[in-house]
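Structure record follows, encoded as structure tokens.
We just call them A, B, C and D in the order they show up, numbering each chain from 1.
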Amino acid sequence: MNRVAVLGAGLTRFVRRALETGRELCWEAATAALQDADLTLADIDCVVLGSAPDAFDGVHMKGEYLLDGAGAKGKPYMRIFVGGGTGVFMVPVGWWHVASGAFRTCLVVAEEKMSSTQPHPQAAFNAIYDPFTERPLGVNLLWIFSLEMHRYMKTYGIPLETIAQVAVKNKRNAKDHPASQVAGDFTVDEIVNSEVMTYPVTRLMVSPVTDGAAALVLANEEFARRKGGKHVWVEGVGWNLDTSYWTNRDLAYPQYVENAARMAYKMAGITDPRKEIHVAEPYDPFAYKELHHLEGLLLADKGQAPRRLEEGFWDRDTLTGIPASPSGGLLGVGNPIAAAGLMKAIEIYYQLSGKAGARQIRRSAQRGLAQAWGDLMQVGTVMIMGVER
Amino acid sequence: MREYLTQTAQLRQVPSEWGVYYRYTYGVAGERFFRELRDHGHLVASVCPKCGRRFLPPSLYCEDCFVEMTEYQPVPGVGTVQTFTVLHESLDESPLPEPLVVAFVQFEGVHGGLLGTLRGVRPDQVRIGLPVKLALRTGQPTPSAADIGWVPA
Amino acid sequence: MSGEVAIVGAGYTPLRAVSPGQSFREMVFEAAVRAYEDAGITPREIDSVIALGEDYREGTCITDEYVPDQLGAVQKPVQTVTGDGLQALATAWMLLNSGVADIVLLEGHSKASNMLHPAQIEAMALDPVFVRPHAWHPLFLGGLEMRRYLQDTGTTTAQAARVAAKNKRNALRNPLAAYPARVTPEQVLASRPIAEPLTELAVAPPADGAFVFIVANAAGQKRCTGRPVMVDGIGWSSDTCNIHTRDWSRAAYAEQAAARAYRMAGITRPAEEVDFAEVNDAYTYKELQHLEALGLAPRGQGAALADQGLFDPDGRLPVNVSGGCLGCGNLHDVSAFCSLYEVVLQVRGQAGERQLPRAKRGLVCSWRGVPTATGGVAILSGR
Amino acid sequence: MSTMNTELRGTSLREDDLRTGRALATEWIPKTVYRFDAGIAIGQFLAGLKAGRLLGRKCHACGRIVIPPRMFCELCFRRNDEWVELKSTGRVNTFSVSFVNTDASRRQTPQVPAVIDIDGTQPSMGILHVLGEVGDTLEAVLRNVQIGTPVEAVWKPAEQREGAITDILYFRPMGGR
């Protein structure tokens, strides 16, 4: 198995509605990543693309439509899809294109243009539900999250105000992110008292609708060494999918995230993640999800992530804790679904390579993790990067 | 209760509809192309600063060199049919009232080309190589690819 | 890059135009039971799962959700490739050579009959700014491409029509096939015109059905009892998605994918080193165009060689002895699995009355259909 | 590059730009219409609903009784064994109070979606449905329902049932209000 290095990354701004077509967004992110890596498209052997449901961009076989913008003309090109987990999963996908020995280099691109969907992107989500037993009930996307959140709160006695602090933290962190869409200073009261969407979810606990793209360049060890310099390496990957019968599951704990994390930890040789992971980007499309996922990642005991939040353990400037979502996450930077997941993985690359600028965490970090989640609350995807050792 | 369906009367289908529609922005290159088309009635191509090719339809980037294209140039007035089909079926899979000639047209010195309906010629008279010119539908509030058609030059 | 990867188990459901008696889950379960039985393992042995799925065809947003249960793959590493069957096989190859899996399961199914407006669905794949607003039936692309291919190669419509006659006749010997028939090339030409020169019988009709494969590396093969069919070479590639800048008469993606697969398999003279081929024939001319791209016929000579009977079941290089898409039915991305299944049967000598006498090494060539220029090539052989 | 590039591309539009034509766009109404084959398990389940019965499936290998029913046990990977008629009662596993419609527009009176663990399933497992007779405001709903509240199905009159999940109008707290 070949070692895989990260050579560069690029992003577009995350905006509510972009002028650019999806292809154009892909090109903007891909060229930024190639520039960051000091490479040209001729150096790229294959391309992988992540994009969430076709229903958002409104293009069937969306991967095919986006491919020239992603730099894939005349190249082996692969689109892989695991719902909301897709963005982070693009790092494992790119990793095995290189680790398997099939290719020297891989350009990883993620894109979402949600603003295409009318009357509102949320409407496209109704078709995620079972057509026989669920869709006829007049479902909407927020149901499933609010149901899970409520169960999580009830199981561990977590107050709404604590969960709101995730939104406060991430929107604040995002003020330093150049791509950010919904950054700002908010109080817990403002979050809790914002409009109730689907109790217990309020408007400011939900990530926004976003257009944007992100890209990453991966290469094998020989290529990376020839390029010179110190590199960030992909050290572990994991993914896992639970049953589609989501109403039959324990909603208080994301077992599939734990399974994915264990797969990645094992590959990275990590036995004590709370000591060996120094910065994390857990998936935060909703405020409670960050806490839920930190527990699934085994970075906190079940039901204890909220307490650690109150202690400042997940803050960006912590010296003793594990900064969580230093980028600002989906709640602050925005949520162009697959691009948001890849943005989180890219943040780990920036943090570990010291490129995070005003967002640079204060504690030293040799290893970081990004995680995403999706489908009917059933996919966990995890990637771990580490610095040269 | 049986474990398998044994009668056609037991077959069930459940309808489902997504209930969404779409609005697509024309993008950086599309904005330029369709504004030129609406305001000046002509086609423009984008020029790659690296390979020098002129792309139709124009694009923000060269798909081979992967560099930005910012220069636009008008396309010659007369092109030739590169390939065509006589279409008999509608998008709803019912017969079209009149068969349509769909033609892909290229222009000298321009990479790529454009699709449009070819009118003013009987389907059995159309040949690859036929010279044609743009026949633009006008009067629409927003310029659209559907405005683009051809007539023999 | 030479990891030993083999298909060790294969399962199917018969392909049919409609399949109202089973949900897609039940269909996939049936195929999975057969695949596990064939491989001699249980789901417990599966390290990773790859499904095929495109949301608009499934009618479900995020089809990946509904993959695991009917495969016995709850809480396993599962993913969906939004590509064709050979891209899924390529993904399996990479997983099996990355140290993250020894045994991988592949699943693909089609419930095309559940789409009420399939042309409207396929039209959603067209560029929404420069192409789709014309609101043409998406087959216009097949018509444009066929016309240019015929012109550039000097192939006649009658020659192309013989592909449909051959493949539908081949399907008469394949109990899985949904559209076996005896038709003459004249009947193909005289059938209803859709996008001239494409006529109704020159277009593969859609079908429902499911396939499941179990694929293993050397370590995984030791745990399976199914007779291995080795993946000697695999390649996939995409030409531009921009239909305006594409070469209309060549299948550039197939040329690129073949080059890669041949290199991996060490093939330098494909027409001599491959015994038979299953080649995407969603439209009649595509079989000829693909054969030329694969180097199994010189450019422009596909039809002439076909006329000599070279690609007939008793010819020197039988093509689509299964019946192909024209005879079995078009399963879109899953058609590559239908082809793969035929190759597995042939090299194992399990193809019954259509068994080829010489079938040591087979080739599969896939294409994702209009408007794409994406496809794959796989070379498989018995041990 | 020592830090990430902060001059990012991506051009933000306002809704107004598109409404007024300052930015060009085209609309498309897709015909994303399907008729899904219910098949064996769900076909029987829907027929049961029409008859006013809630059906689950039992696997003799693991002993689980599951709903919604499937003809296979996804954990044992075997065809499961028998139909079990379940009572149309259960407990609220979790619920929400929704003020948004399917298309994200606001609604005045809330819907109350819930996962209801159906009595008789083994181990206890739920289905998605809605609660009714629980009030028209957030405060009222939170007064009338808790996680764990026992509930019962309120069925459509037999002659109006069509073999759909909506043949159960809603679940309400046991014994009515």
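FYI, a contact is a pair of C-beta atoms (placed from the backbone, for glycine too) under 8 Å apart; a residue touches a chain by one contact, two chains touch by 3 or more.
Keep in mind the model is a prediction, meaning the values are calculated, not measured.
Visitor: So which chains count as neighbours of both chain B and chain C?
Guide: Intersection of chain B and chain C contact lists gives A, D.
Visitor: Using CA atom averages as chain centres, what separation in Å is found between chain A and chain B?
Guide: Taking the mean C-alpha position of each chain, the two centres sit 36 Å apart.
Visitor: Any idea how many Å lie between the Cα centroids of chain B and chain D?
Guide: Here the centre of chain D sits 41 Å away from the centre of chain B.
Visitor: Express in whole angstrom the distance between the two chain centres, defined as the mean CA positions of chain A and chain D.
Guide: Those two chain centres are 26 Å apart.
Visitor: Can you pull out the residues of chain D that are in contact with at least two other chains?
Guide: 11, 13, 18, 23, 26-28, 30-40, 42-43, 46, 70-71, 74, 102-103, 164
Visitor: In chain C, which residues are in touch with two or more of the other chains?
Guide: 20-21, 56, 59, 61, 68-69, 74, 114, 117, 120-121, 123-124, 128-129, 132-133, 240, 242
Visitor: Which chain B residues touch at least two other chains?
Guide: 5, 11, 13-14, 16, 18-28, 30-31, 63, 92, 144-145
Visitor: Classify the inter-chain contact topology: is it line, ring, star, complete, or other?
Guide: It is complete, because no pair of chains fails to touch.
Visitor: Residues of chain D touching chain C in their complex?
Guide: Touching chain C: residues 26, 28, 30-43, 70-72, 74-75, 77 of chain D.
Visitor: Considering the complex alone, what residue numbers of chain B touch chain C?
Guide: Touching chain C from chain B are residues 5, 11, 13, 16, 18, 22, 24, 26-27, 30, 55-57, 59, 63, 82-93, 99-100, 102, 104, 111-117, 123, 128, 144-146.
Visitor: Under the touch definition given earlier, write down the residues of chain A that touch chain B in their complex.
Guide: The contact residues of chain A facing chain B are 17-21, 23-24, 27, 30-31, 34, 40-41, 55, 58, 68-69, 71, 73, 115-119, 123-124, 126-127, 131-132, 135-136.
Visitor: Flag every residue of chain B that touches chain D in the complex, lowest number first.
Guide: Within the complex, chain B contacts chain D at residues 1, 3-5, 10-26, 28, 30-31, 34-35, 92, 141-145.
Visitor: Quick one: in the complex, what on chain C touches chain B?
Guide: Spelled out, the residues of chain C in touch with chain B are 20-21, 59, 61, 114, 117-120, 123, 128-137, 139-140, 142-148, 151, 192-198, 240, 242-245, 248.
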